[in-house]
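Next up: the structures, one after another.
After this come two complexes, each holding subunit A, first together with subunit B and then together with subunit C.
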Partner chain A sequence: MSKLLSPANNEVLFMGNEAIARGALEAGVNVAAGYPGTPSSEIIETLATVVKERNLYVEWSTNEKVSLEVAAAASFAGLRSLCVMKQNGVNVASDFLLHLTASGTRGGMVLVTCEDPGALSSVNEGESRYFARMLEIPLLEPANFQEAKDLTKWAFELSEKIRNVVILRSVTRMSHASGNVICGKLPTKSRKALFEYKGSIMDQLRGPVISTPVVIKHALQQEKLKKAVALFENSPFNTYSGPAKPELLLITSSACFLYSQEAISMLNLQKRVGILKLGCTWPPPPQLLKKHLKSTGKVLIVEEILPFLEENVKALAAGMAEDIGIKKYYGKMDGTLPAVGELNPDLVAEGLGKILKVKYKSQPPGYVKEMEKIIPMIPKREQTFCPGCPHRASFWNMHNALQLDGREGFVCGDIGCYALAALYPSCGFDTVRTLHSMGSGTGIASGFAKLGQFGFEKPVIAVCGDSTFYHAAIPALINAQHNRADITFIVLDNSGTAMTGFQPHPGLTVGAAGESVPAIDIAGICEAIGAKVAISDPFDLEKTCGLLTDFLAEEGCVKVLILRQKCALSPEKKGKKQFLMKVDEERCRGEECGCNRLCTRIFRCPALVWDRIKKKAVIDDVICAGCGVCYSICPQKAIIRTEAKQK
Partner chain B sequence: MNCSSELENKIVKTGLCTSCGACQGLCPYWLSHRGKTIQMFSCDREEGRCYAFCPRTKTDLAKLREEFFPDADYIPEIGPFYGLYMTRAADADIRAKSQHGGTTTALVELAMRKGLIDAAILTDAKGGVNPKGVLVKKPQDVRKYSGSSFQIPPVLATLNKALEENRYKKIGVVGTPCKTLAVYKMKSRPFPDNDGNAGNIGMVFGLFCGWGLDWEGLEKLVQRHAAGKQLEHMDILPSKFHQMVLKTSKKQMEVPLEEIYPIVKGSCNYCVDMTAEFSDISVGGARSSEGWDVDQGWNQVIVRTEKGVKLIDLARKEGILEFKAVAESNLEKIKQASLNKKKTGLKNLRKLSGSKNNLIYLNPDEPGIEKACVDMA
Partner chain C sequence: MKKTLSKDPTNVIITGVGGQGNVLASRVLAGMLVNAGYYVTIGETFGMSQRGGSVMSHLRISEKSVMSPQIPWGRADIVVALEPVEALRVLTKYGNPDVAVLANSRVVYPVGVITGELDYPSIEEMQNALKRISAKSWSIDATGEAVKLGNPVLSNVIMVGALCATNLLPIDHKSFEEEIAKKMTPDKRRINLLAFDAGAKMI
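Moving on to the complex of A and B:
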């Protein structure tokens, strides 16, 4: 049995994301939808493993906005629904979210956003808490693993009480760390879907679900928010620990609570500093804050990414100044804590030290010296595409075709593993010149291609992964074709959402829970749009580069090249080598004129290693994936490949 | 110095590159696409063959000549000299498809049959558009590749690959003057340990050359005048005709020179060699009092080395070539035309360098250059 279904009162080691999933199950969730994105993906993935046992419908949607719409429909039908995404996904979903909060919901509906302070696996340090404030939605932030479960469960109840969606925000260190959680009861009955729409438009439970009349519904939405604040005032998820009159009041939420506790005990400040930990962060409960602010003269707000809590506390305090008096505030805004990046106990301790004049150096004496000794011993690992990665070959082809074309064309990059291509010289071969959000490479390319009348003559390539194609590239592709923007559009089809762990997407025949679903053909869509389409294997360097070179030279329509090759880490390929590789030392020219280390200096598959003593290239058999591509690039045919016997 | 970037920055980007292909086929860093020379990736070697072979990097022509033409007479305007001839192929089949008299084709075929060379690097002119370098291994295949293309394919890339393969030990090469100069730079083995088997170069056949045409320019011109037609031949007529002709099997189209001048290959403006001074034997069009109708079926040939002498004697003996008397004035005419090309080249080089004494890749003391300089002053 899945540990997700552990009986009540059992203490189970859950990853934060599993705890959230369990909380949703205890709340009797019926429908869960999401779009993969680190650090959020495990929530949908774990729920997908218990669809039968819990009678769930779980899906990976095409994008975040669609996933929110799918979840909303369940709520409209009186079911409980969960929608999951990473921070920037909320931006994608936000247009619908604005309208959803205006129409309100029925069955409990929770939007979980998992954010990535420090951008450990993102290309942004996005912050979605401001959406809660801007769109007037209650916001909850669990501060430990038990709360991750309990707050999720309560979020559904809250949502049903106020008949609106509730946001639950986690962060990488909460979602991906693990801790013990005491399980609650799983409901025994499942709800029946019932969508009532015959009532008046003012009847939130029986009328059509719409956001008009806008002003009246907007006022209603604000009433709901007030109801939520009233509940927050006495919520057990907001806790205080410390002296009754602390020298310094530390206000915090989320994983920062753990860092703060640790920092206080590291500095032995338990008697001087009190921690107000908020589980309900928007709207902040005014009476609770008033009580605690009154008790001290100094306030430190500890949080990650933007000073959201800090702004909110200060704004409330300004309104209550008459009652609470003047305070000194510390936090991100005055530089006590770093304005960007992840926090940790050390950084919080340093901040506390500054305020309370306690000596604290985050690094022990001699630390830097020791590090200087150790660092050269750490093997150098550049951030790059894996051995056997189809993207390395794809960008090699793009580079070569662009060079042959000779007009200094470039690639508009996109988000996925292939975003690594923006790194040079480790991979990408110095081709990627723009990199933004999902699908925007295509839109940007479409824009560049229309600058001819202003003297712009470079050919533009847009790339996107297969998952991104469905997510956001299609409208941009239509835009390019419709507006006669002659772009070359490359779909890096590695058959899965590799970056986030091979979640299925609309191009595949399996759904989130392994059910069979129809695949949506990328080539067919592109052809229907009117583009000229070709498919190639990026490992076939000659064919791919030739096709691409021709496409770049061709004017008059959008050209689509689908580069199809499975990810080296895909379940089908992992651990299986197609070729056994060897370098013939006699033939290898090494750094001499005639090669000058093309394989290790330029191509740089991590499995190709330069033997400094022999002055020859060698293949690191342990990590070589056996893709065989280096065989095709070696000018001396010194890299030999033999077909491996498949077991 | 980083030789590869030096080549990219000082030769290719400045417009000096002749597209000869000498830097290509040696390594993965240099390629050619539609007549353009392309550096694929940067190579950080200080010294390398690309730079050393390039006909547009600094060359001590006098030294090179001493090494390879020790016994020939030397005429500053036209280089090493054993004799000037007027010839054509005896075989009417060769003549029918060749550019002029088919001398080149006949000589290459003969050299291969007689074992003076064991393979040949020729150009598949394809009627003039989209030519390609080819390695010809059998004497009977030589005649498949007669005729001239005025686009300049990187033929020496094909040579480099053939040398590397090391299968043929006496490879003949046919090329325009820029190419044959590069071949002699290869033959001088600048890196004895890494000479790319330069010893496998057998004989060098030069072609007279006024200028080549820009790849895309010619393509567009052909599209304008002969769209969709399969061309079999093109030529630029003697200057008094003031035209270029394009021929299909059925039809001939005349294009006024006004359309040709703008598409002259830019780097040819910096060339000072009309007669392929670095070669065993060089071949061009004929000029005589009999007029173009006759001349277009004949060639003028300059023999420059002992090997060249041997081959032309063989051709006479075996009746491979027909000979006719060369008017005395012809040598003077060639010298004058050749000197004129040198002067134009020098003028343009001076303009590019911005200095009278800086001739970029040439040495002002070199006798042929000096002669042109004096003539200009």
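Moving on to the complex of A and C:
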């Protein structure tokens, strides 16, 4: 039986994301939709494993906006629905979210956003708590694993009480951390879908679901928010621990609560500092805050990404200044805590130390001294494409074709593992010049290609992965073709959403729960747009580079090259070598070759190692994935490949 | 096997390189400890960070409560490294004079070393350094042993077996057997048990 379905009262080790999924199950969720993105993906993934047992509908949608629409339909039909995405996904979904918050919802609907302070697995430090404030809906933030489950369950109840969507925000260190959770009851009844629409436009439960008349519905929405605040005032998810009159009041939420607790105990400040932990962060409950702000003269706000809580606490405090008096505030805004990056217990301890004049050293001085001698011998470990990764071969082809073309062309990058290509020199072969959001490489390339009248003559390549293609690249590709922007568009098709763990996408014949679904053909879509389309295996360097060189020179339409090769970590390929690789020591001429150590210095596969003693290249068999590409790059033909026996 | 924790919380860091099975090792270990009745908090780094980079799992074991998923600097009690230089890297931040270190001796070169731009320390240098900055250290060729068993990826389980044999944590062969009975299909259990026992013999 799945751990997710553990009986009530069982204590289980759940990852934060699993706890959120379990909370949704305990709330009787019926429909869950999302788009993969670290650190959010495991929520939909784990729910997809219990669709039969719990009669769920779970889907990976084409993008975040569509997933929110799919989840909303379930709510309109009176069901409970969950929508999951990473922080920047909320930006994608936000246009619909604006209108959804105005029309309101019916069945409990929760939008989970998992954010990434410090950008451990993102190219942004996006913050979506402001959407709750801007779009006037409640925001909840769990502060440990048990709360990740319990607060998710309550979020559905809250949503149904106020008939609007509720945002639950997690962070990497909550979503991807694990801890003990005591399970609650799973409901025994499932709801029936019933969509009523014949009532009056003002009847939220029986009329059409629309945001007009706008001003009247806007007022209604604000009434709902007031109801939420009233519930927040007495919520058990807002807790205080510490002395009745603390020297310093620490206000915090989310994983920062755990860091703060730890920091207080590291500095032995339990008798001087009190922690007000808020599980309900927007709108902040004014009476609760008033009570605690009155008890102290100093306030430290501990939170990650932007000073959202800090701004809100200060704004509330300004309004109640007459009652609570003047306070001294510490946090991100005055530099007590770092304004960017993720926090940890030590950074919080450092902030506390500054305010309360307490000194703390994490390591004894003698140890630090010894360590200073050791640090220089530790080589940096850069991120790079995995051994056998098709992207290394793809960017090698792009690099070679752009060199042959000779007009200083470049690549507009996009989001997926292949974003690593922007990290020259560790990968990408110095080709990628822009990198932004999902699908925007294609839009940017389309823009560059129209700069000819201003003297811009470089050929432009846009890349995107197969999942990204469906998510956001199609409109940009249509834009390029329609506006005669002659870009070369490369789809790095590795048969799955590899970056986030091989979730299926519309190009595949399986859905989120393993069901059979029709695949949408990338080549067919591109041809229908009017683009010239070719398909190649990036491991076939000769053919791919040839096609690419021709495409770069060709004018008159968008050229699409689909580079198809499965990810080296995909379940079908992992641990299986197509080729056994070896360097022929006689043929490898090392530094005398004139190739300038092309294989180990430039190609940079982790399995191709420069042997300093032999002064030759060698293959590390444990690391080599057996893709065989390096066979084609050695000018001396010193790298030998033999077909591996398939087990 | 010990029955209790010698320190509460006991902080364990499992480190290595993306693809070495770090996450599985930390989850199996955590599962064994939860079965033994402890509160366990794991903090993991995976996703983009795993592509060829250093990876780290923080495990915090307590009889009282869950903890911060990040261990405070200087407060690791046990470091298990699937790659030797990663042991040193972790200790720079989380080490202290009382830390115990169990390291796989099989190196995985960073790209900068492969290309000849950076130097990688010799095994002797690393072992000497480890001795200077830890109270106890073990260096074993887990990958070599895993290759003998037929798959280098088993080195993570070999390390878990070795860790149990150090007697630093209240877990043993039986706890491993119980945990993998929950997590693995029967066909995978046998080879993992062999790997676990092979690791235990290396201490």
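Worth a mention:
By our rule, the second predicted complex is superposed on the first by the 626 of 647 C-alpha atoms of A that agree within 3 Å, B and C clash if a C-alpha of one lies under 4 Å from a C-alpha of the other, contacts with A are read in each partner's own complex, and residues count from 1 in each chain.
Operating definition for what follows: contacts are C-beta pairs under 8 Å (C-beta built on N, C-alpha and C of every residue); 3 or more make two chains touch, one makes a residue touch a chain.
This is a predicted model, so every value here is computed, not measured.
Shared-chain residue A:D550: touches no atom of subunit B or subunit C. In the overlay built on the shared chain, the residue A:C595 is in contact with subunit B alone; subunit C does not reach it. When the two structures are aligned on the shared chain, A:M266 is found in touch with subunit C, with no touch to subunit B. Shared-chain residue A:P39: touches subunit C; no touch with subunit B.
By the touch criterion defined above, A:D540 lies against neither subunit B nor subunit C after alignment on the C-alpha atoms of chain A. In the superposed pair of complexes, A:E196 makes contact with neither subunit B nor subunit C.
Residue contacts after overlaying the shared chain place A:E311 against neither subunit B nor subunit C. By the touch criterion defined above, A:E233 lies against neither subunit B nor subunit C after alignment on the C-alpha atoms of chain A.
Measured by the number of subunit A residues touched, the leading partner among subunit B and subunit C is C. In the superposition on the C-alpha atoms of chain A, the part of subunit A touched by subunit B in one complex and by subunit C in the other spans residues 601.
Residues 399-400, 403-406, 429, 549, 591-596, 598, 601-602, 633, 635 of subunit A are the ones touching subunit B in the complex.
Listing the residues of subunit C that touch subunit A in their complex gives 17-19, 27, 30-31, 34, 39-49, 51-54, 66-75, 85-86, 88-89, 91-92, 95-97, 106, 108-116, 118-121, 125, 129, 132-133, 143, 147, 151-153.
Within the complex, the subunit A residues that touch subunit C are 11-13, 38-39, 120-122, 144-146, 173-174, 176-180, 255, 258-259, 261-263, 266, 344-346, 349, 361-364, 366-367, 370-371, 374-375, 377-386, 417, 419-420, 426, 499-500, 569, 575, 597, 600-601, 604, 606, 608-610, 612, 620, 622-623.
On subunit B, the positions that touch subunit A within their shared complex are 26-29, 31, 33, 36, 38-41, 43-45, 47-50, 191, 194, 196.
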